[in-house]
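Here come two complexes built around chain A, the first alongside chain B, the second alongside chain C.
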Partner chain A sequence: MTASILDGIVLGLQFGVLAAGLTLVYGLGGVLNLAYGQIAVVSGLVTLLTMEAGVPAVPAALIGLVAGGALGLIFDLTILQPVYRRHGEARVLLSLLLTLGAAFVIDGYLNWRYPLRGLNLRITGDPLVVFGVRMRMGSVVASGITIVVIGVLYWLFRYTRLGRAIRSVIQDEEGSRLVGIDPQLMMRLILVLSGVLAAIVAITRSMVAPVNVRAGFSLTVLGLIVTVVGGLGSIPGAFLAGLVLGIINSVASSYIGTFLSLIILLVAAAITIVIRPTGLLGVRE
Partner chain B sequence: MLEVEGVSAGYRGSDVVRDVSFHVDEGETVMIIGSNGAGKTTLFRAVCGLLPPSSGEVRFLGEDITGLPAQKVVRRGLAFVPAERHLFPQMTVEENLMLGAYPEKPDPDTLETVLELFPRLGERFRQLAGTMSGGEQQMLAVGRALMSQPRLLVLDEPTTGLAPIVARNAYAALERLREQGLTILVAEQQVPLALAVSDRGYVLENGAIGLAGTSAELASDPRVRSAYLGVV
Partner chain C sequence: MSGRAVAAGTSLVAGAETRVSRSLPRLFGSIAAVGAVLAAVPLWVGDSRVRMGVAILGLAFACYAIGFNLIFGSTGQLFLCVGALAGVGGYGTALLADRVGVPVVAALVLAALGAALVGGLLSWVAVRRSLGVIFAGIITLIFALSFENLVLGASTITGGDSGIQVSAGSGTFLRERTTAYYVMLGLVLLCLVVHGLLRRSRVGWAFRALRDDEVAAELAGVDVARYRVYAALVGSAMLGLAGGTYALIAGRVSPTTYGFAQVDVVVIVMLAFGGIGTLVGPVLGATVFTILDELLIELGQLRLLAYGVLIIVLFLWIRRGLIPTLAELVRRKPGSPPGTAPDGEPG
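What follows is the complex of A and B.
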């Protein structure tokens, strides 16, 4: 039991980072990015190709992060421009349609050009004993990186002027303009951050299991489930839901079977939404 | 300091205010009075950059700021406090005040002045803005605007939703700001309160300026007396 809960926490931390990238973009600009998983996959692929070109793993992973951020920026500058000109429900809908289209295009290209490729960052080393459980080195390193990322996000949003400015746009966009903040610029920064987070998920995930080029949609769906359970637009909610669902997923996998874990995850999500339609920590509406 | 010339503005192509001109000189307190729906809010939104005017010109400190977005207008020294306040409800009083100074670091002297003006904000420093009373939120909205060290403070109906005694306190604070030499432009329905602190005023009726004059002139004008002061 301890082992599967620990595994669940490792997974849950990654779920949290995955969902944070989606929920920030939604909270800030009312945009749901359905190509989010594809951004993760492309970043992983860039890391893989860079390593194959002879670059060591760590700098290659950093290049992967840059690729994720760059993709976020490209989205902001291109297909999201018409989205920004709409408001409310029309904006959410158009963002769904356009990013879904982008996801299909990216998926199609990857399947044609790089079929069956996948990033697999094997980390060697003796298993580490944590709370009496032997953890693979890959899991330990992935969790360490993820925890540092969560810490950096917390520091950014809690203690920096920029983080405060971003939160102010989420809480009251007009109020943020009145104190001199440009919401459009904040949205651009958040899309870059969201792309980097997607890349971090792909890279840390590949230390535990391979991330292949077809994983895009399942990553997006996972991110959406966690986001909705945590409450759309809530960063703490994303991490809380990530941990809860990560543990549920891992316990269900080891006691019931991996083939049913996604269904159990969906059922858990559905029950949460029925009981609390705004999600665990949602505040909107 | 602020010159508004022939400004028309509105929503979806239909103008709510038409061809409005007025000005505010350095050190003055000017009020715009008008009933509900006269166009005060639309006019102020057009002046401070939240709503691009459909025609006309807005000049501030000698420079054309017509159509400049609100986030740039505030950095030039024109701070706007809307009637709905638009605070950040899930943030503390402290964080709201800090954001007022954005993108700069908050100036400690300015913060001290704000907390002297509104000691209540100091007592509630770590409380979430959304959990405060209407009067306290109004203080915070004005305090946040002051943190940007504005040359001109523009307030839209600062007494909206406030109990009469709280409204009087709000105007007492404005009076103190005026004594410190701040230039103030205020829109108000509660005309007696606004008349007491302002030098001059304009009456906005159906989206156009109907009357202008010093506060004393307006206070003795029979039309103002019957429409806004309740004197027959």
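What follows is the complex of A and C.
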């Protein structure tokens, strides 16, 4: 039981980071990015190709992060520009359709140019004993990185001027404009940050299991479900939902079997949405 | 919270409001025209088994597109489980007929009813909890993923990855390519007639009212919730019927026959071609897509890239759908002021 809960936490932390990238973009700009998983995949692929070019793993992973951020920036500068000119649900829907198109473009290209490739960062080392359970080194390192990321996000949004500026845009776009914050610029920064988070997911995930070129869509869907369960726009909600769903998933899979566990995860998500349409920590507008 | 938002969302995709012809002859005229053109297809496709198979699949997708269009285009419910509902029809028909021993027609009807019930239930939950477009989309997406995993996992019943052989219908006209094509075409026309009659009935007025402005419709006494669920019931029945019929014709069902990536995504592209919210648009979109997909078959994976570009271009610049826009360009007489809407039905 302890083992599967710990596995669930490892998985849940990654779910949380995955969802945080989506939920930030939604909370700030009312934009749903369906090409989010593809950003993760591209970052993973860039890391892989850089490593194949002879660069050591750590700098290669950093280049992967830069690639993720750059892709986020490209999205902001291109297909999201017409999206920003709309408001409310029309904006969400247009962003959803356009980023779906972008996801096809990336998927089509990757499947054509790099079929069956995948990033697999093997972390060697003896298993570490945590609470009497032997954890694989890859899981421990991945979780360590994820926890640091969560800490940095917390610090960024709680204590820095930039974080406060972003939170004020989430709360009231018009009001923040009045006090001299440029929502457009904040949105651009958040898209870069979201791209970097997607890259972090790809890299940490590849320490536990390979992330292949076809994983984009399922990463997006998983992120979307965790985001909605946590409450659209809420970062703490994203992490809470990530942990809850991660633990449900791995406990269910060790006791019931893999295929039913995914269904249990999905049903749990559906029940949460139906009972609390605003999500676990979401605020009703 | 969801009221105005939903209306805004759907008017985005529906583009300008669609005029609905009130004359019955005109309605049947446009459906008959579509039927006549499609009925001629086997003449030039000839006796190529593969091409007839593609044509039959194209017609099945036309039914899916009509069903999705009825649910999303007319009442603004983003159902991301088109494939799963068709799969309820397909697997339902196959299992009821082959395993339980129900007569084929009864199995088909029961499976379609099952799909209608599931779709209606999803819609009822979304309406009761007043979930917005996105949340309803996620709930239906979750259902689609659960269905796919259930089919993959319960391999003793469903054959898992490789699917199951459908023996019901074998040896009948359903396995003859040409007659099967006309059966499927009949189903397309049936769906069109049902949707067309719905549009010009009282229900259709309610659909348009709640699509244009849900709050105003509610205030004017339209029972928004009830009509949403009706649309989901009828649309899902179409999906289940088409999925079941296709299973009988194809003789085999597998998870990819009804997968999200293989069905839902394609249906969205088809509607982008044909125009969301129009009557015959989905059929035109399905036809154009099927032909285009065959022409581009050499491109392999790059086809996906091409469709991605097309989706972006279509939703960015030609929101009413490719075909209605082209039709308007053709119909617009030289010298007439730009923006004059064509008469009657777009598409």
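By definition in this document, the second predicted complex is superposed on the first by the 284 of 285 C-alpha atoms of A that agree within 3 Å, B and C clash if a C-alpha of one lies under 4 Å from a C-alpha of the other, contacts with A are read in each partner's own complex, and residues count from 1 in each chain.
To be clear about the criterion, a contact is a pair of C-beta atoms (placed from the backbone, for glycine too) under 8 Å apart; a residue touches a chain by one contact, two chains touch by 3 or more.
Keep in mind that what you see is a predicted model, and the values were worked out from it rather than measured.
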Query raised in the report: Can A:161 be said to touch chain B (first), chain C (second), both, or neither?
Result: first
Query raised in the report: Touching A:151, do we find chain B (first), chain C (second), both, or neither?
Result: neither
**Report entry** Touched partner set for A:59, first chain B, second chain C, both or neither
**Finding:** neither
Query raised in the report: Looking at the overlay, does A:125 come into contact with chain B only (first), chain C only (second), both, or neither?
Result: neither
Query raised in the report: Is the number of chain A residues in contact higher for chain B or for chain C?
Result: C
Requested in this report: Could you tell me if A:178 is touching chain B, chain C, both of them or neither one (first, second, both, neither)?
Outcome: first
Report task. Identify the partner contact of A:98: answer first if only chain B is touched, second if only chain C is, both if each is, neither if none is. Result -> second
Report summary line: chain C contacts chain A in the complex at 1, 4-6, 8-9, 11-13, 125, 129-135, 138-139, 141-143, 145-146, 149-150, 152-154, 261, 265, 268, 300-312, 315-316
Query raised in the report: Which residues of chain A touch chain B in the complex?
Result: 161, 164-165, 167-168, 171-172, 174-183, 283
Query raised in the report: Across the complex, what residues on chain A touch chain C?
Result: 32, 79, 82, 86, 88-90, 92-94, 96-98, 100-109, 111-112, 115, 217, 221, 224-225, 228, 232, 257-260, 262-263, 266-267, 269-270, 273-274, 277, 284-285
Query - chain A-touching residues of chain B, taken from the complex the two chains share - result: 48-50, 69-72, 74-75, 79-80, 82, 85-91, 95, 98-100, 102-103, 105, 144-145, 148
